[in-house]
Amino acid sequence: MTAEEWQTIWLTTWVSALSVLLILPPGVAVAWLLARKEWPGKSLVETFVALPLVLPPVATGLILLKLLGRRGPIGGWLHESFHVDIVFTWKAVLIALGVMSFPLLVRSLRTAIEEVPVRLEGIARTLGASPWRVFWTITLPLARRGLAAGVVLAFARALGEFGATIMVAGFIQGETSTISLVIYQHVQTGHDHEAMKLLVVAVIMAFIALWISETLSRRRRAP
Amino acid sequence: MTAEEWQTIWLTTWVSALSVLLILPPGVAVAWLLARKEWPGKSLVETFVALPLVLPPVATGLILLKLLGRRGPIGGWLHESFHVDIVFTWKAVLIALGVMSFPLLVRSLRTAIEEVPVRLEGIARTLGASPWRVFWTITLPLARRGLAAGVVLAFARALGEFGATIMVAGFIQGETSTISLVIYQHVQTGHDHEAMKLLVVAVIMAFIALWISETLSRRRRAP
Amino acid sequence: QTPTLRVSAAASLADALKKIHGLYEKKTGGKIELNLGASSQLARQIEEGAPSDVFISADLAKMEGLEKKGLVNAATKENQLSNALVVVVPSDSKLQIAGGKTLAESSVAKIAFADPKAVPAGIYGKEWLTKLSLWDKIESKVIATENVRACLAAVESGNVDAGIVYKTDAAISKKVKIAFEVPASEGPVITYPMAALKSSTHADAAKAYLDFLDTPEAKAVFEKFGFVVLPEA
Amino acid sequence: MTLKLQLENVSLPLSEFSLKADLTLTAPVTGIRGPSGAGKTSLIEIIAGLRRPASGRIVLNDHVLCDTAARVNLAPELRRVGYVPQDLALFPHLSTRANLYYGHRPNGSATSHADHVIDLLEIRPLLTRRVHNLSGGEKQRVALGRALLASPQILLLDEPLSSLDVRLKEKILPYLLSIREDLHLPMIYVTHSQKELQTICDEVLTVEEGRITQATLSE
Amino acid sequence: MTLKLQLENVSLPLSEFSLKADLTLTAPVTGIRGPSGAGKTSLIEIIAGLRRPASGRIVLNDHVLCDTAARVNLAPELRRVGYVPQDLALFPHLSTRANLYYGHRPNGSATSHADHVIDLLEIRPLLTRRVHNLSGGEKQRVALGRALLASPQILLLDEPLSSLDVRLKEKILPYLLSIREDLHLPMIYVTHSQKELQTICDEVLTVEEGRITQATLSE
């Protein structure tokens, strides 16, 4: 492993993990709203959430670029107000990974929340628990398997994301060069050997992530 | 909509749907084996199944190309023995889509199967049902929400897949030109207007797929 | 009866080739299946045995790579098309680009390139600046993108000061303008080599197709889309 | 504390008939009996706030719990009921202890209230166990303990002793009696056992196909 | 058909103690009683094949159900037991009818056997209902019906009447008695009710902390 490769591995690890962490709170909220509430426009929000899965990644990337670019509505505002640039920095990688894995987290978690018996939530409330406490102590723990599955899928997707990332973050060694981008570059230039090396690294990272999630969920598994 | 666009929409629809259909039987089998059985090498198989999610799509595409190309072990054999070519035909699209969406199906379904109480399966067996019948009448129906989520995710992913498809199937109008590939092409050549049109079509298809799965699962929802 | 041909061509040729294929099909009655992609990706596909009759690359390197592997019917190879390299800036930019050296100045902080390691457009750009001994100063400012289109989009976004693309690509976007056209004398010779492939089962038809691209009506189309047609060597 | 629970024109459509309740309960312990499927559980769950009546008004000690006309339906957590459901509904992911203490509200007087309940119900050895492999009777005692520890203002017991052996029944019944006397905690007690009705109840309601009749105990 | 159920040195570790069984049952109906948490359900589930003993041998009418030494453990579906579990365990995704008929095996003699059971248990009006909103007693009757319709060779009943009202109990008990007489279907019957033991059982086992003692009914 060269120093550059280590840098790539490290960058990919923390940016993927951070992106999953960042989408967790909104992901949990959206999953709950979709699972437990009926509201007008629900199907639209659902479709909207699923979009990054349905559209080719370049298209998602292009949309993000248009939004976050210095001339885009969000990027422009950030630039004017805070002198912060998103596009072509690690922040853009973070956002691209988050957006691309969001649907996977939400769909898994939502399905799991739907399976939690409303009755248990009701019983918990007769015992004096507020809806908020019920959510944290009953709903979410009972949906933990789906949550774990969602997190694993989201993290895996973040590791593999390429199309949207390169569009919005470019390929900048050390700043935005995730494993996927580097593998792509090696494949493009015919450096199959280097590509293979990083491929193996990606596989090992996936293996570790799966293994951690297995171990965590096994610890409290009902027989 | 031009005739070509209709052709693209139609091709995408059937090839995505067919790919999901084709991965269903092995997906269900693998999900069940992962959820219910302990066996050596299980973690390896798990990682292996997750690979197409973790690797950048081009890498998966390249691997498929190496396997299925006329010089590859599988493609070569098929060419020699049956004069069947896979690469650059709709068959390659089918395979690429199936491989890319397989992990999503398996992970969702597996999580759902793990949630099915083993006790109910046991009770069903005391009533004389074989493990096979128990699977079809108890396990799978109780995991139906996870199955539906898996199918939706897989189908959505099939609609959006680009990197692996273009590698192994190329872009050939009418044969391998899925919506994703055509959108990419339009983006490439600056035809943003046409790209947008197909983007909307993809969104509508996703909306319909979600709506169908909603309706199906709502019909038999427990309150 | 003219057989169906599969042509693998660099994505930047998409519009021109679609038009020309219309003419070809009308004239010969043969059908063309056009496989569009990045040149590097097309080369990989051909290497791995994907069925193809003709390859049109956006640079010489990809074609040579295949030639070395013995996949190209060398007799049919010709370098007939060319393109020009341009520097684009956002259409409302006040930046004046007088040449390569402006790019090395501090007024230009970030430049988008189609990946200079892999994508032809970027490789040409790098060659040009290397020739001017400016590459070392510029390399750290480079934002590598996946392809030419992404490079344009990067300029459009306003997050880079300039980008290097083909002249034909610059026409795609209204949000960028050409600030500088690299003179043919200064830049590398951009060539789109084309050749029939050895694996082709329709060698004659492939040859006939390549000849058709040489006809005046085809050349007119190429020129209309901004390509430079090189004189016969 | 005396109980005054008013159910005014309460109605809840069930599959074959509607449950109709229009009565005032004032007895410290009201027994409820009636054939299987008569509507006993439904009645209790309306009071607990788990089911919403189609119409009617429920007032507990001048506190409006539910008033469909005024679109008032107090959330279950604000009703302070201690409900022991017929199906127990323990939280499967929590330990026995966590189940027991889920709604724990120390009741001012005795700090050892919880310990007392746990010993009385003989569930101390189970505290660290996961609930899914407790025996039927053990689960029932945990559900009863969970409701008691929440220091409710009214106990709703739906066949709370049905899976217990005679010795435990004869130990727990007097305890419930003592709660009634000492803590003045009103109860509504669903049971099929004539003996339990006679031991603990001051008044008995009979539910039949959704209709409720007040009856004397002697019957 | 006469019953001969041999449990030889069967042992199953539970959380506080081990269940030990070494006895032969020959009575048509064997009652099982004992304190809550004694091991009654565990014993039944070993016979049903839902739990695997750590050691021992179980033989039903010269048919080896389980023999840990020979690594034999007959699958539950081959044991032809009709098990009514204490927690009922209805299939939540199926209708009442589908639950009832899940293991249906028409028993040669009477084609209307199923109809008879359904009417006796008074569950005909429930047939098209989803099971999740049945009342407690309704669920219990469905679970009983489901086991009876499977035409088992032995009935394992774990407090099968605990949630039923007196009238239903007094209707179903005689039916179980008639099954015993007419169909010679042996039963193992767990209950806390002395009355049920006396009505239906020929012999009674007492389980206490995993130890099983054979007792006479008069006790």
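Should a chain be cited, it is by its letter among A, B, C, D and E, assigned in written order, with residues numbered from 1 in that chain.
The rule we apply is simple: a residue touches a chain if its C-beta (ideal position, glycine included) is under 8 Å from a C-beta of that chain, and two chains touch if they have at least 3 such contacts.
For reference, the UniProt names are A, B = Molybdenum transport system permease; D, E = Molybdate transport system ATP-binding protein.
Given the structure is predicted, the values throughout are model-derived calculations rather than measurements.
A.B. asks: Which neighbours does chain B have in common with chain C?
C.D. replies: Touching chain B as well as chain C, we find A.
A.B. asks: Shared touching chains for chain D and chain E?
C.D. replies: Both-contact set = empty.
A.B. asks: Measuring between Cα centroids, which chain is at the maximum distance from chain D?
C.D. replies: It is C.
A.B. asks: Counting in whole Å, what is the centre-to-centre distance of chain C and chain E, each centre being its mean C-alpha position?
C.D. replies: Distance between chain centres: 79 Å.
A.B. asks: Taking the mean of the C-alpha atoms as each chain's centre, how many Å separate chain B from chain D?
C.D. replies: 50
A.B. asks: Could you work out how far the Cα centre of chain B sits from that of chain E, in whole Å?
C.D. replies: Centre-to-centre distance between chain B and chain E: 45 Å.
A.B. asks: Show the residues in chain A shared as contacts by 2 or more other chains, in ascending order.
C.D. replies: Only 58, 62, 163, 184, 187-188, 223 qualify.
A.B. asks: Scan chain E for residues touching two or more other chains and write them down.
C.D. replies: In chain E, the residues touching two or more other chains are 133.
A.B. asks: Counting only residues that touch at least two other chains, what does the list for chain C look like?
C.D. replies: 41, 44
A.B. asks: Chain pairs in touch?
C.D. replies: Inter-chain contacts occur between A-B, A-C, A-D, B-C, B-E, D-E.
A.B. asks: In the complex formed with chain D, which residues of chain E make contact?
C.D. replies: 15-16, 33-37, 40-41, 86-87, 125, 129, 133-138, 140-141, 158-159, 162-168, 192, 194
A.B. asks: Using the touch rule from the top, collect the residues of chain C that touch chain A in their complex.
C.D. replies: Residues 38, 40-41, 43-44, 65, 90, 110, 112, 115, 117-119, 143-146, 150, 153-154, 156-160, 175 of chain C touch chain A in their complex.
A.B. asks: Using the touch definition from the top, list the residues of chain D that touch chain A in their complex.
C.D. replies: Result: residues 48-50, 75-77, 79-83, 85, 89, 91-94, 102-103, 105, 130, 132-133, 146-147, 150 of chain D touch chain A.
A.B. asks: Could you list, by residue number, the parts of chain B that touch chain C in their complex?
C.D. replies: Listed in rising order, the residues are 58, 62, 65-66, 69-72, 75-76, 85, 87-88, 166-167, 170-173, 175, 185, 187-190.
A.B. asks: Touching chain A in the complex: which residues of chain B?
C.D. replies: Touch residues, chain B against chain A: 43, 46-47, 50-59, 62, 103-104, 107-108, 110-112, 114-115, 118, 145-146, 148-149, 152-153, 156-157, 159-163, 179-181, 183-184, 187, 195, 199, 202-203, 205-207, 210-211, 214, 223.
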